[in-house]
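What follows is a set of structures for review.
Both complexes below contain chain A, partnered by chain B and then by chain C.
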Partner chain A sequence: MKNSSSYTGIAYLFLAPALILMGIFTFWPVGYNAYLAFNNYSIADGVATWNNFEHFKYIAHEELFHNALKNSLIYLLIVPVIQIAALLVAKLVNNKLPGMTFFRAAFYIPVITAVSIAGVVWVNVYKYDGILTWFLQMLHLIPQGSDGQVDWLGNPDFALFGVMMFTFWKGIGWFMVLYLAGLQGIPKEVEEAAILDGANVFQRFWKITVPMVKPTILLCTLMSTIAAMKVFQEVAILTKGQADTYTAMFYVYDQAFRNYNFGRAAAAGLVVTFFCMILAAIQFRFLGEKK
Partner chain B sequence: MAMGKQLQTVLTLSGQYAGLITFGIFTTFPFIWALSVALSGDPSNTWLFPRSFIPTDVSLMWFKRVFDEMPFMTYMKNSTLMTIESILGVLIVSILAGYPLARLKFPGRNFIFVSILATMMLPSEVAIIPNFITLKHMGLLDTHLGAIIPNFAAAFGIFLMKQAFEAVPQDLVDAARVDGATEMQILWRVMVPVTGPSIAALGIFSLVNAWNDYIWPSIVISSRDKLPLAVGVFNDLTGPFATSYSMVMAAIIMTVIPVLIFFAFTQRFFIGGMDGAVK
Partner chain C sequence: MKLKKMLIVGTALFAGVHAQAADMELEFWTMNLAKFNTYFDQTIVKFNEANPGLKAKWVDMNWDQIQPKLIASIAAGNPPALVNFNVPWVHEFAAQGNILPLDQFLGANKAIYSTNAVKDVQVKGQMYAFPWYNSTQIIAYNKDIFAKAGIKNAPKTFDEFIVMGKQIKAKTGLAAFAPKMSDMIGFFYYAGLPVITDGKAVFNSPKHVAFIQKFADLYKAGVMPKDVFKMAFEQEIAAYNSGKIAMMTTAAQGLKRTETDAKAIYDKTEVAPFPLDAGKLNLGSWMMDFVIPKGTKDPAAAAKLGIFLTSDEQQLAFSKATESTMPSTKKANLDPYFQSGANSADVVDRARSVAAKSMDNARTLTLTPGTLPDETVMTKKLQDEIQNAVEGRKSVKEALDTAAAAWNEKLKK
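Up next, the complex of A and B:
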């Protein structure tokens, strides 16, 4: 019998592709980003020069970046909404009823659509005479006729929430699938016993479902928080940062690929990373397993 | 008493279906509208709701025009190639890395596993700038490989495979070891066959991601004839074709359909195989 140390070589051999690729494309960027953040980087010759925190000082005083960070933090509001809705929907599709496969697939369609392609449709949904206007006028929530026609994505009071709605629509199916996998791990007997004991729907939801899928809740909340904090694809596609939808990550992208200021972009990226770490730590603290 | 019970069942069922249908309308209405507009030979009702949810003068002319005026098949070919390469890359890297993390004892195992998991908490988009510079040095800008290689080693895939391999009974591994199998043989002949559902789920997950990836390919690839669907169609739709809503919607439907068909056939693997991720 081989002893455990003889596995070391083979283990690292198997891990090599993952470690090399992650080293180049995941870990190195973290370090290099930190380096860029403290330097002026010249794209033409690739020379970086130390600049004594200039980028951080700059973004610390810049209105645009403050506003971008504020919008990213507002975006976090989507996390509880999407998580609770996804869990409820997962509960709904966890029943064995005719046609369930169809509904699961229908709920998943937005997830399997490219964000760019779905975005083009939603831009038209939000057009001043698009579906949203029609729907709200039908419910008499906004004035009829052309008075009620709002260019939703051009309106600073609404645009950010419009983008959030898109994220909700696009992402809920993904979390539904994860919760569904978690729910299928709950033995049927547990819920049946609770019904016999006379627990109502809400009691069963809070006392059985939620505690039993807690690991899934942590995983999903974490993923959705980080996705919300770093949101920018949706912004780039739907509004291009217009109408007060400029988010922190959009700032990074904009500084890098439009202003070609890689150093300042990296500094802002570092700030976003820092926020993500803090949020992840908070969630582990509150949702993680109690030791 | 019996009547009350029956009534309650009927009410619960109706409530459930009402919820399912309402939510189904919410997730599919943009596509239903897009499909209807794309099928309408006469675009005059496009902005008349709810009339525009039903096609006017059904015709396939807009689809034909997309084929004629957009290099749709080129985009499709690029997307297909990039997707297949991505799936292979992700599966090979994740399976190889998942096995030692799940079943072999070696120094540094926990440290490596925690480091890999920790990357899930990093905003991956921050890596765009350094990776762009790295690819420039490697000469991989404007290549398909450059557009997909950063996605090969991802924490989610490695984690999913590790969880799947951990659930394989030790007896199987022991029996193979007694027979003198190498670790590679154990992985390939014992582990891979019994973790089919998880591998299928990871494959489908990578397929959807690769097919739909937008930002990174749009930064890396600059030649139009190398673009995948998600980027090429978007660029064309927001550029030269933006004037005809009918064509925009037809192109969107054509982009969505391949994934939809694939997903319809594989969705049962997908939900089953995700078990590992949440346990």
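Up next, the complex of A and C:
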């Protein structure tokens, strides 16, 4: 008869491969990164020299890093937009009409498209003589001809919002699937009872659907927030950081792989992590289950 | 027990014999030269024959993999013997101490390289790379568009270049050119304007303002495409190939792309040397070289391979294999091969002879290494401000003043 301790042993045995992989590729790099942030690292010698808070003091005075952080924080504006839109879309595809599978697939395809490929296509959409300009000129919202042509990703006033639109298009399917799973957990009787009591669509949505998927909302908002703070790929492909779309992680990447200053990059990375942790704490406070 | 002893002795003998027979392997990395495998295979055979005990091994990879892979291999303690670098990287890595100075290995061999080639790879008076193939920019222009705009010949000076650009836009409505605005520091050198003097940024002088103002005027008139700051050489070639711009500045190699991708435009293409400005230096000369990374097992042997690969003979053979690059050695450049295509019907041949004639003024234009304490950030600041000025969001003087102030603050520290 097996006792509980041997079950524990077997459990750890099953966990071991995943834990080892995570240890090598996740936990150790995170720990070493935190260590590097307080060192000057020389690549040729492989030597790390302790330098207290030198890197943090440097980036505290670095105007470009402040700007980059500001852009990353502005990027957070996409979070409520994408969450509400994803929840609405999930509600819409969560019925048994024929053809729903097509819509679910159609919304999800951008998620599985490689970022680089999607990025190249969107660069052409945003070109000054690209699809967006053509569309707006067709609707006569901007002047015709070459006067009306706008370099959408070249103007610092709205290039960042252009990149945010790309993230919206790419991410909505991902959160739609998660919300769909959450919605499946709401029993139909609750909705039907509300209809019998005379609640309209609006009231049913805000008073029944939203509270009952609160755990999913917390999860999705958290993931979306962290992704927004860490934005790098979209910026690298669409604008290469020009036109005031330089984000905090782009600064980290530049310092690490163009200046080869791993210590400073690690310090900047820690600052971003710190912001993420604060935002996560706020979200757990407001969206979490009150125990 | 007897069997065990036999096995031990046998293994030791085998290992000893094997160790003696193994040649020293010299691995050398190149970037984006995979299709010249015939040339490299022949070169390796030649080198191995001339150097018993040494075995050259060729590895080619995409240009954006070279630096990360090299850094990783240096950190792991097994870097290759030679790595194909460009000039800015030589300065970067020399400043970090990741590549070796080569004067001790070169000795008298230093004299075979052209003066400018040597200057390109010198850091604090020492050579840090073996100069290899070179190329310089020429203008390839669309004869039809020129004819429509009423222009007979290619521009000879930079000012003519600008005037013609405006004429092309006015008469044909097409953008005239898309210069590489992502390297404004190179442009300053081309115009003979200094960037840093006595440790202070000086690019906000009236002359600099006037120079950038030319670009601002061109942008406003639509002579350059609206997204010119985003265009790297890929996009410039694509725009030229689709007939959207009248001229492209390219090395002769770029024309081979037009030959395969847009035959119709290729047939209408003519070439001319890129006009010189006050700096009397070619814009966009790009020299490739070989460096020896720090920590390589046998630097002297690596140097032998480097000297071999960049000798007159080998560089001439390589130029003939690529049909579009130039050697960086004095003797090889004078070979009649380069001028033989001057009157050929094939545009690439003509391009080669035009480029060869321009090689005297070829210097890779970059900022002196180690001048900037935080290169990425400072270069970005300058580029962003110039972009704001050229695209009309700020006055040129204001933009250059802001950038100079930011640079001086960093340079003070």
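One rule holds for everything that comes next: the second predicted complex is superposed on the first by the 290 of 291 C-alpha atoms of A that agree within 3 Å, B and C clash if a C-alpha of one lies under 4 Å from a C-alpha of the other, contacts with A are read in each partner's own complex, and residues count from 1 in each chain.
Note that in this section a contact is a pair of C-beta atoms (placed from the backbone, for glycine too) under 8 Å apart; a residue touches a chain by one contact, two chains touch by 3 or more.
Note that the structure is predicted; figures quoted are calculated from it, not measured.
In the superposition on chain A, A:226 makes contact with chain B only, while chain C stays out of contact range. Contact with both chain B and chain C is seen for A:257 once the two complexes are overlaid on the shared chain.
In the overlay built on the shared chain, the residue A:153 is in contact with chain C alone; chain B does not reach it. Of the two partner chains, chain B is the only one touched by A:89; chain C is not. By the touch criterion defined above, A:122 lies against chain B but remains apart from chain C after alignment on the C-alpha atoms of chain A. When the two complexes are superposed, the chain touching more residues of chain A, out of chain B and chain C, is B.
When both complexes are overlaid on chain A, the residue A:14 reaches chain B alone and has no touch with chain C. In the superposed model, A:75 lies in contact with neither chain B nor chain C. Across the two superposed structures, the residue set of chain A contacted by chain B and also by chain C is 46, 127, 257. Across the complex, chain B meets chain A through its residues 13, 16-17, 19-20, 23-24, 26-31, 33-34, 47, 49-50, 92-94, 96-97, 99-101, 104-107, 109, 112, 115-116, 119-131, 133-134, 149-150, 152-153, 158, 183, 187, 208, 211-215, 219, 229-231, 233-234, 237-238, 245, 248-249, 252, 255-256, 259-260, 263-264, 267-268, 270-272, 274-275, 277-279. Those residues of chain A whose C-beta lies close enough to touch chain C in the complex are 42-44, 46, 62-64, 127-128, 146, 149-151, 153-156, 239-244, 246, 254-255, 257-260.
Residues of chain A that touch chain B in their complex: 4-5, 7-8, 10-12, 14-15, 17-19, 21-22, 24-30, 32-33, 36, 46, 89, 92-93, 95, 97, 99, 101, 103-122, 124-125, 127, 129-131, 134-135, 169, 172-173, 177-182, 184-185, 213, 215-216, 219, 222-223, 226, 229-230, 232-233, 236-237, 249, 252-253, 256-257, 262, 265-266, 269-270, 272-273, 276-277, 280. By the touch criterion stated above, chain C contacts chain A in their complex at residues 67-68, 71, 74-75, 96-98, 222, 225-227, 229-230, 294-295, 374-377, 380-381, 383-384, 387-388, 391, 393, 406.
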